[in-house]
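We just call them A, B, C and D in the order they show up, numbering each chain from 1.
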Amino acid sequence: MGFLQYLINGISIGSVYAIIALGYTMVYGIAKMLNFAHGDVIMVGAYMSFCVTNYLGLPAVVGILVAMVVCTVLGIIIEGLAYKPLRGASSLAVLITAIGVSYFLQNAAQLIWGSAPKNFTSIVTFAPIKLFGGQLTITGEVIITILASVVIMVALTLFTGKTRMGKAMRAVSEDRAAAQLMGINVNQTISMTFAIGSALAAIAGVLLCSTVPTLQPTTGSMPGIRAFTAAVFGGIGSIPGAMLGGILLGIIETMTKAYLSTQFSDAIVFLVLIVVLLVKPAGLMGKVVQEKV
Amino acid sequence: MNKIKQYFKTHSYNIATYGIVIIAYVVMQYLSNADMLSRSVNGYLVPICAYIVLAVSLNLVVGISGELSLGHAGFMGVGAFAGIVTAACLQGVVDSDFGRLMAALLVGGVVAGIAGVIVGVPVLRLRGDYLAIVTLAFGEILKNIIGNLYIGKDETGIRVALSQAELHLGAGGKVILSGALGATGVQKLSTFFAGFLLILFTLFVVLNLINSKEGRAIKAVRDNRIAAESVGINVTAFRMKAFVVSAFLAGMAGALYGLNYSAVSASKFGFNTSIDILVFVVLGGMGNILGSVISATVLYVLPEAMRGLADYRMILYAVVLILVMLFTWSPKVKEIMSVVTAKLGGIFKKKEVGTNE
Amino acid sequence: MKKLFALLMAALMVVTMFAGCGSAETPATDAAGGEAPATDAAPTAGTIKIGSSGPLTNDYAVYGKAVEYGLTLAFEEINALGGLQFELRVEDDEADAEMAVNAYNTLMDWGMQIMAGPTTSGSAAAAAAECAADGVFMLTPSASDAAVITAGDNVFQICFTDPNQGVGSADFISSHNLATKVGVIYDSSNPYSVGIYTKFMEQAAVVGLEVVAEEAFTADNKADLSTQVTKCQEAGCDLVFLPIYAAEAAQVLTCADKIDYNPAFFGCDGLDGILATEGFDPALAEGVMLLTPFDASSSDPQTQEFVANYTAKFGLEPNQFAADAYDVAYAIYQACTAAGVTADMSAEEICETMIAQFTSMSFDGLTGDGMTWAADGAVSKLPMAVKIENGVYVGVE
Amino acid sequence: MNEYSRKMLKVPTYNLLREQDMGKLPVLDVRNLGIDFGGLTAVDSFNITIGPTEISGLIGPNGAGKTTIFNLLTGVYQPTRGSVLINGIDTKGMPTHKVNKLGIARTFQNIRLFSEMTALDNVKVGMHNEIKCSFVSSLLHLPSYHKAEKAANEKAMELLDFMGLADVANVKAGSLPYGVQRRLEIVRALATNPSIILLDEPAAGMNPSETMELMHQIRRIRDTFHIAIFLIEHDMNLVMNVCEAIAVVNYGRIIAKGTPEEIRQNPAVIEAYLGKEDGE
């Protein structure tokens, strides 16, 4: 029974990683930048939802919607002010700017909401499912998070595959210059990507904090890095890869803690990641792009 | 004629780099001796030296070799603790503080260099963002291990364990490194002079490397891997050389850093510090060694100088960072700047862009 | 080249700033980057300068801020009494040794005479060595690691040391027969947590407690603690010892609740503040026991006044860190008054008299009555074990 | 043009003929070479032998697999079948840089210079394995380093001069005109001291007069350095005039081999390839 419970725990945190990784991978795939501020947008989303439900007493759904709207706007503003001027500059320059944005959001959050951790009230209200006479528990958060990440994954896949905007995104992702020649507005497409990525971040924030209730200005940063790791693990740029990478990372982390060592779980998890990348250098579902000679 | 001009040009950059460092040292040392520096400024000197060395060494990997490394602080940490343990062990063996410091720097460098080899063998088979994430992973692994490491010294020698209880120190034994708390009660050996020497050594190694056939090969691999292979360059070997030299220098900087404080903990050497060093490099210009020296100094002092802003300090630092990045990297700003410089160029002598940038 | 030019310009600015610092003969108060003193613009003659540092930004900011607020409140009250006047300045040290030394140096430039910090152990260990070398009296409110006070004779703590708490917890659990099988969940990346855990394990072996699960987490992976909780459940622990901070403890309690695991929980002073966490359901903490020197809901009038003033001023309930800091201020005040310290004394002179005072005096504060200090700087006060019942602390004997 | 060569290098006054290679070990010996990409056969049964001072051409329609063959010869791709012998040594399993050391150098269809480095440095990178100077020596800039660098500089300038590029030695490679970049790639390949160089469409993007000059230069390279040259080119004028032997490939297989005259008259070639470009 222990094993199954650990597996569920792993899937639980893994699906949170997955949902964050989806946002990471999408922005990376299209804008070709590592948006290290993504984790902090998540934090903002969680705070917004917290404020709406705890201070205004509105239902959780409203909280999520407000968080999505605020994060979308925030994403577009960040992209316009901090990333757009660097279009065409070295990707490393954009990376550093993203780190600057991350510092900014964390410190702004501390000024606005204070440094004291808040305890996030889970948006999931239905009772956990008990199996085997209560020996095995599947919480509502796990179910909701998995459902949400699957829905988002499918929606994103359909969006990029079927819609006009989605196709434009893929074109920009493949070859920015060629896309421009085909009459695609590259700037607008990238802004759109950030808008969607940030809206996803809001959902991820709410679900992250429903699973892990501690909410403080640095809440997003470590899960953000974990999720980035997960996205690379699955093959960065690949939408199903992010999903798979997130869940696997969660399971590996939990199993390491359960059966190997809690003290060295960070080291072991990252070691597994390295070994996987050595065997599959482009991640689990990434394609190795052979440079044409 | 052309040859001589070119010769002078490449070397003028190096001369300027050494020159600025030496002048800065002489000025600061003079002010310090004359008691004209505040305590805080005096306190910045050694860490600035360490960060300059870290930035220059990371620039070798990121700027010259063109690989994004997010785990540089890991090597710094390895060097710091190796150096602290060395210095503690030599206490009573080597009398001179300076001698112990130099030994610590050397051991710190060598141990970090070895770590660089261990990390480099698997890491350098990867490219781009995958390499970045694996260096990040190694940095975190090193941090996790050091954070759980206990090292003590008693009359039987050095003891290493994974918990305080397993250390079993004999009578008169002394704990040097104590897990999460790190090393405490470290004898402070680092001096500004030693830091200055380390910078000179680093510049000497890195600038010489860049200008030698090895450096050309490393840059060739960065510019075009396939072409470099086609002219007989062993790509992995040269990425490795750059990586290990960089780790070695980072280890020395770590030892200098570690021996400047009486308490050092493993949590310092994580992702955030790696990112800080990366910021120095990118802001100073990729492959621009002098740029790294200057940006490390400026960016170290900036948040300290902003202490008066109290709660608004870090948020303003973030804003400054973003603005400086936009200003120095934005293609539009570059365009405007090039127009301005072109106009200025009419007034002054026309300048060509240096080859080292 | 352009970039270099821009950087050089910036460097020049910084150098100019330094020159400003350097030329000012007196320790720079307002030269360093246009810095303004923390309190009044024109420091009144005859104030004793108290410095402190703590993490005012990033992960541990909540503790640094609590210390800052506690000190601020206390010194405002003390200054209002009209006797000795104090001036307080708190610097950010990001809970990092390097930054703690920078903060310390900045405070020394400002003219600090007594150090009432730092907040966290790593920072305090670095700053303590500086204090010892310079002969500046240091009294830390909350840096509880045993290594902190070994730096020198002039370094004192007002909080329990971590080993004391570890030993005290094991003794308490054993003497009250609270458990047959004990599990521990601790933060292996945090010196405070590791310090208590290590001593607890030693003492548990001495008093014969059976520890069946020792589960660690780190600051990097604390997002998910469910596995550690499940492991304690699997191991059949009927008591889980939590030498960790409130935020993580809240996570542990939530996880345990979700899987219907109801052991006894026992924590240390880091757990204090859990009830004050915004949005936390106190029902989850029902029955949790902790060793704490401070109880915000206590009926003690002094505590009530402190809580009321603190809440009014800063808009949140004080935790143990704030109370410790508040005590630090009053202990310093008491010692200064008793020894007749004046503002024109040098830090070294003050240090000598303070050492003499602290090793001989007895102090009554929010976090304990009749506190005394040993020559090594450790405080002696009684730990108070409390149990959370209906959202308030209830004393346990 | 000849003054460069007179100053620096001995130019043989006679023209080397293929007959002189008779009885010598071929510099390049390719046997039954083939590669599949995921079930698709890109190259199959490719055989060719090139003597030490031979100039050979490889022609064929677009997509015939010519560049793939070059990639196989230089070790960029590992062949699925067959073997490549350079100066008698089998390259099986060798990485590109080791294959290069056996004596084969190349240029690229889409120019691959080290664009951030000067022309001179590009050539010096090419000379990398020729510069004898230890790692420690170059780190510490010992006297042996200075000596080796000086020698390398002189040799590199000679090579640049040979192709008429001495004037642009200190210009960043990326900012050179297209035709110059092509020639610089040839110089860089020559700098590795090869016994055969592979030129992938050396005349692409050149105007007729530049092409004319290139033809002279190709012959001069062979005559000066006594090396074999194997080139891919679409410009039939160049191929027919410069090459002593030509192989024609289509769909990854050789469809004809012979002297320019034989190729010109081969009906299979005319049908597959030359038919369209009869006007040449």
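Assume contacts are C-beta pairs under 8 Å (C-beta built on N, C-alpha and C of every residue); 3 or more make two chains touch, one makes a residue touch a chain.
Keep in mind that this is a model prediction, so the values were computed, not measured.
Shared contacts of chain A and chain D, meaning chains that touch the two of them, come down to B.
The pair of chains sharing the greatest count of C-beta contacts is B-C. Each chain's centre was taken as the mean of its CA atoms, and the one lying most distant from chain D is C.
Centre to centre, using the average C-alpha position, chain C and chain D are separated by 72 Å. Averaged C-alpha coordinates put the centre of chain A at 31 Å from the centre of chain B.
Centre-to-centre spacing of chain A and chain C amounts to 34 Å, using the average Cα coordinate of each chain.
Across the assembly, chain B contributes 140, 144, 148, 226, 283, 311, 314 as residues in contact with two or more other chains.
Within chain C, contacts with two or more other chains are made by residues 56-57, 188, 218-220. Among all residues of chain A, those that touch two or more other chains are 107, 263, 266, 293.
On the chain C side of its complex with chain B, the touching residues are 1-4, 6-8, 10-11, 14, 17-18, 21-23, 27-28, 31-36, 38, 56-57, 91-92, 96-98, 101-102, 105-106, 108-109, 121-123, 125-126, 128-130, 145, 147, 150-151, 187-191, 193-195, 198, 201-202, 218-220. Here chain B touches chain A in the complex through residues 62, 68, 122-123, 125-127, 129-130, 132-134, 136-138, 140-141, 143-145, 148, 162, 225-226, 271, 275, 278-279, 282-283, 286, 311-312, 314-315, 317-319, 321-322, 325-326, 329-333, going by the rule given at the top. Within the complex formed with chain B, the residues of chain A that make contact are 28, 34, 82, 85-90, 92-93, 95-97, 99-101, 103-104, 107-108, 111, 225, 228-229, 232, 236, 263-264, 266-267, 270-271, 273-274, 277-278, 281-283, 291, 293.
Residues of chain B that touch chain D in their complex: 2-3, 6, 205, 208-209, 212-217, 219-220, 222-224, 226-235, 241, 355. The touching residues of chain C, when paired with chain A in their complex, are 56-59, 61-62, 64-65, 188, 215-224, 226-228, 230-231, 234, 246-248, 250-251, 254, 258-260, 277-281, 316.
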